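Same chain, two partners: chain A is paired with chain B first, then with chain C.
On to the complex of A and B.
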């Protein structure tokens, strides 16, 4: 995966200071001509991503092209809006497949509707439905793309499946109302958060065993590993905080307080800056945390959609997208300036956001 | 243990940030911890009002609500009957009789409007006797509203119970919503900002139209049993902001377990002195928060504490309590102390 060099942009801007407008214009045209001469395919692939927004009530996925910030496709998931819904998603490392947690609206009952639905984004068609009984709420793919792991809300379990065969690898007990799930960057650990027990369960994927349950902030919603895997972040919706778990021995090393009524839900780790972005579901805000100091450095409210529940950032670190449940939209934020730069109409009840590279057809 | 200097530095910086940050912001009130018994008393009193609201709205056609209205005398009044009896035994007896009259009317299918009106009058006197004016701060009122929104028999839980268990829990949730609106309008809205009022009204509108469009339950609830959860959580968040009060005692589970042990201690003394009414209201004050915030966690990480604790809590409020209630209470107290030690 190519990551656009944001630091280089900063340097370039610095270097152009003091150069006149005419000279800058000439340089710009020269750069454009050079890019055209080289051909644009590689640059487009580096700059474009697909942003996926799951829409709980219209039971579909909005596909946004990040280069134009327009919805380029809407993928029907169940054909039965209001009965069966998509929520959490994950994308395969090559961008080819999205894995969608699909369930009915009975969170405490295990039914046949509970699946991890696999969609080929080259055709936008459902290619597999992996039976994941127990109301899967969120799903994570392993770094090698061979497995998906899910939080099974109805039965207080975590589970893993081979994406090729659909074969179950393991299920294990976690806290009550399991919700968030992530796989560590080295593939060793699966962390699953549970709302009602305020816990994160640590599962050892190598030995297929639960290592421990870690008490975290109240009503944990989502868990996200840092890109280097040294820590994991857990959003506590009622706690109004983000718990930081050190992954070497799975202990809490910090709790970042976002305020009484901050309502943190989904999170996105910036791939190029030391930042964590956290959406405030009930507060229509995005909290920006410096991950070196664990300090809240910015709260974005102006221009936000209503009840943002999901959030994702493009792999080049340029744009942040939220999934706004009450305004049925995705808010686009410039990650450099931390300002809202657009609103995209999505489907009803937007729930989660994730980003993938655009797969090559060959 | 090997300490990663980078992680140690992060922890140190984070600690400094948190200390500096907390010093700059006014500490929120903690009404649950400051007035645990008064909050429990007020919640019991408001549940009575909620059920009376439901009976009034059912307007003589009570359907299956007879199975629920008995909670007026089997549960709600027991949350404060010991304290009310200590303060004014005649009033306590009068209230029990008045509530029993409502129960009798509803169960028999008679028009309960007169008995409801009579019960409301006695109930108002009981409220004034138990909850003095100094206790009725904005933070305290917000805590009681949060309980009515989120606790058992409240707006969200009654709907969930109606969907999953007994459909006739539904009118109790409807009545709780009526009560929340009344308290909001009379005592809280004036302290809210325009945007907070707007947000609350939006949540009320949602609950009125989507969750509780009528006092009568639909033939079946086929949608999300947690339909009211999002709105009631949002409302509680607004209440926290406007009252600058921490309305979720579960934010600090160790403190909660300790507080519940402390709350239970006088109840055990009361049992030992033969004052069962005071004993059981202490158990009620502990049982709800235990069930809401601790039982599932302890079941996961310390079932050896949870299983006997849950059984004792149920036994002590049952109609067939243990022969030695004081001993059972002390055993429960020890379990809560143990829980505090591991949380």
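On to the complex of A and C.
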């Protein structure tokens, strides 16, 4: 992959603890089959992954090795915590790059800080800053890894960029306070939620046009497609629910009520079970939903960190990681037993979690 | 790009009435008028944007009027000529009660954005009225909660010669008796304009907290006199919307450099950063170059509630909007971090309130205030969120409202 020149000459400092060793180890245990299953050419372990936790207030990314549940690197975004904040993230299919939504703390002012920052996880260096503008809050990568799409919170827009050239593909209008974004597994649709308008905007990547705005639960935070792409889930923080959108014609087919006080935020779809995991930010809980019945089957509270905002699950379906904003930690949950099995200290104000395969070094 | 399955009137129009301020208007009323007008303007801009997403037209029509007769005439005009679906406004009890009575007669929903008077939630309540502005009972409960916990034990009341002030005083005694134990009445004095009499009574009292249950302009006068008399206790006032403005804070600080910079209760605070409030406060600041005052917030929320009731309920008739609000689905996001609803027994919007501290030094309007408290605390897992919010205000067992 050719990465375009860095647009803003402010490289990240990296505080690396053993990343070289980790990368070398990765090569020894590369699992090509899993990568092929993801449609990539990268190879990696079938039971080791990197978990990335964005830390809003320390302005860095904690990199957790899922085999040891230890932080193996901390990647600074700018070296200026308190001035910029990384929030939503996505990982390229081959695991090589993470795309981080970075903005300042001035919601209405577009600055050079409003970027999608591209980090090469082999070097932990920022290799590009795509000038997204408008406070990008969350970002999603296309399944083929060629594009990233972001929710631009301050300007009520969605936007897409070519990750190699940094060129803008399209921007389009969504509701006010855009937040969540996901790309369907077939790459056709971009869904973007908007907190104030209570909508999900459906964007057709093929024809580059908005096809629909769908009303969903109150203050929609995140959007997640099911792995088969048949439905998408939308967390409604103030509504206390998850809206299920059928993707054939983009209509709401169910609203899963988690309770007014559940405060759902990020979600993770289980790759091997019929489950959706939803973090309750204000309740320090993880809600486990059966995606065949849309019923709440478990609420995990014991041992949870405080104010979990982000959540991700490893591709093998074994472990769930949360990003806990008030305890500056990541809670590790065994997906089989649905119990908390560990806490990992991360950075200040942990916001989002995502998981990537460990990339090859060559 | 229509909103599937929703048959909406086109256009949807909401009428907002703001005080008719001119050069002769006192600066506190002018500040409230400006905030209401700006709140309406921002609400229109954002909801026109939202309506365009769904392919229908939306407008906020605004009339400037002051006094009971004038606001009712304005409301009538907006309904008759603009086909307004709902009316918001009213900054005094007289205006709000007149609009409430008018709305009941016309079957048009009315949103009270400026009068905390409890009579509107009790004997004068109307099924067509909805109160965005917190009730006096809610403010009193919040003050009692904060000041009792802060250790103020002997409360002295200065009571204006009007019914609202008397009601606030009686409600405070009830709150201290039934909800917030630990403080007692140390004395009271009526205020009929005689500032010296108040100063003298306060100086004689064995008190650690003086509550001024008088109009905002009288609060400033009394603060000045008490400050000059070197009174050494905390002095706070009833948080009428005008007494929640930066204009009031600046006036109280200028008049009483020592006593005028203490803590005050508010319904909204422009420096609130959590719950997405950073975004709405920033948009308002960018649009008007001034902090979002409580009345601006309330006016914006009135428009938002009507818009959402019409679109989410799929019925833009007055009856449809009122049915949605009163129904179980009537939960709204008001940037206070928790879904809120209107109480079924008096149509008061549940919500948390804020305690702010006025800076003694900072000059710019935005940072002259610090947010120091919230009541009730909304993050209390394991408790019922509605009961949590109902810690403020009158519950069903106290209501004298009969719809």
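Criterion: the second predicted complex is superposed on the first by the 318 of 362 C-alpha atoms of A that agree within 3 Å, B and C clash if a C-alpha of one lies under 4 Å from a C-alpha of the other, contacts with A are read in each partner's own complex, and residues count from 1 in each chain.
Keep this in mind: a residue touches a chain if its C-beta (ideal position, glycine included) is under 8 Å from a C-beta of that chain, and two chains touch if they have at least 3 such contacts.
Treat the numbers as computed from the prediction; the structure is a model and nothing was measured.
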Joint occupancy of chain A by chain B and chain C, clash or fit: clash
Partner chain in contact with A:153 - chain B first, chain C second, else both or neither: second
Partner chain in contact with A:285 - chain B first, chain C second, else both or neither: second
Which superposed partner A:210 touches (first chain B, second chain C, both, neither): second
Which superposed partner A:261 touches (first chain B, second chain C, both, neither): both
Which superposed partner A:230 touches (first chain B, second chain C, both, neither): first
Touched partner set for A:293, first chain B, second chain C, both or neither: first
Touched partner set for A:176, first chain B, second chain C, both or neither: both
First (chain B), second (chain C), both or neither touched by A:57: neither
Which of chain B and chain C A:253 touches, first, second, both or neither: first
Common ground on chain A, meaning residues reached by chain C in one complex and by chain B in the other: 105-108, 173, 175-176, 196-199, 213, 215, 218, 238-240, 260-261, 282-283
Sites on chain C touched by chain A in the complex: 1, 3-4, 46, 49-50, 53-54, 276, 278-280, 282-283, 285-286, 308, 311-312, 331-333, 337-339, 378-379, 381, 384-386
Residue numbers on chain B that touch chain A, as the complex places them: 1, 4, 6-7, 10-11, 13-15, 17-18, 21-22, 28, 164, 223-226, 233-234, 237-238, 240-241, 244, 246, 248, 250-251, 253, 296-297, 300-301, 343
Contact set on chain A toward chain C in their complex: 105-109, 153-154, 156, 173, 175-177, 195-199, 201, 210-213, 215, 218-219, 238-240, 251, 260-261, 282-285, 301
In the complex with chain B, residue positions of chain A that touch it: 105-108, 173, 175-176, 196-199, 213, 215, 217-218, 230-231, 237-240, 244, 246, 248-249, 253-257, 260-261, 263, 282-283, 292-295
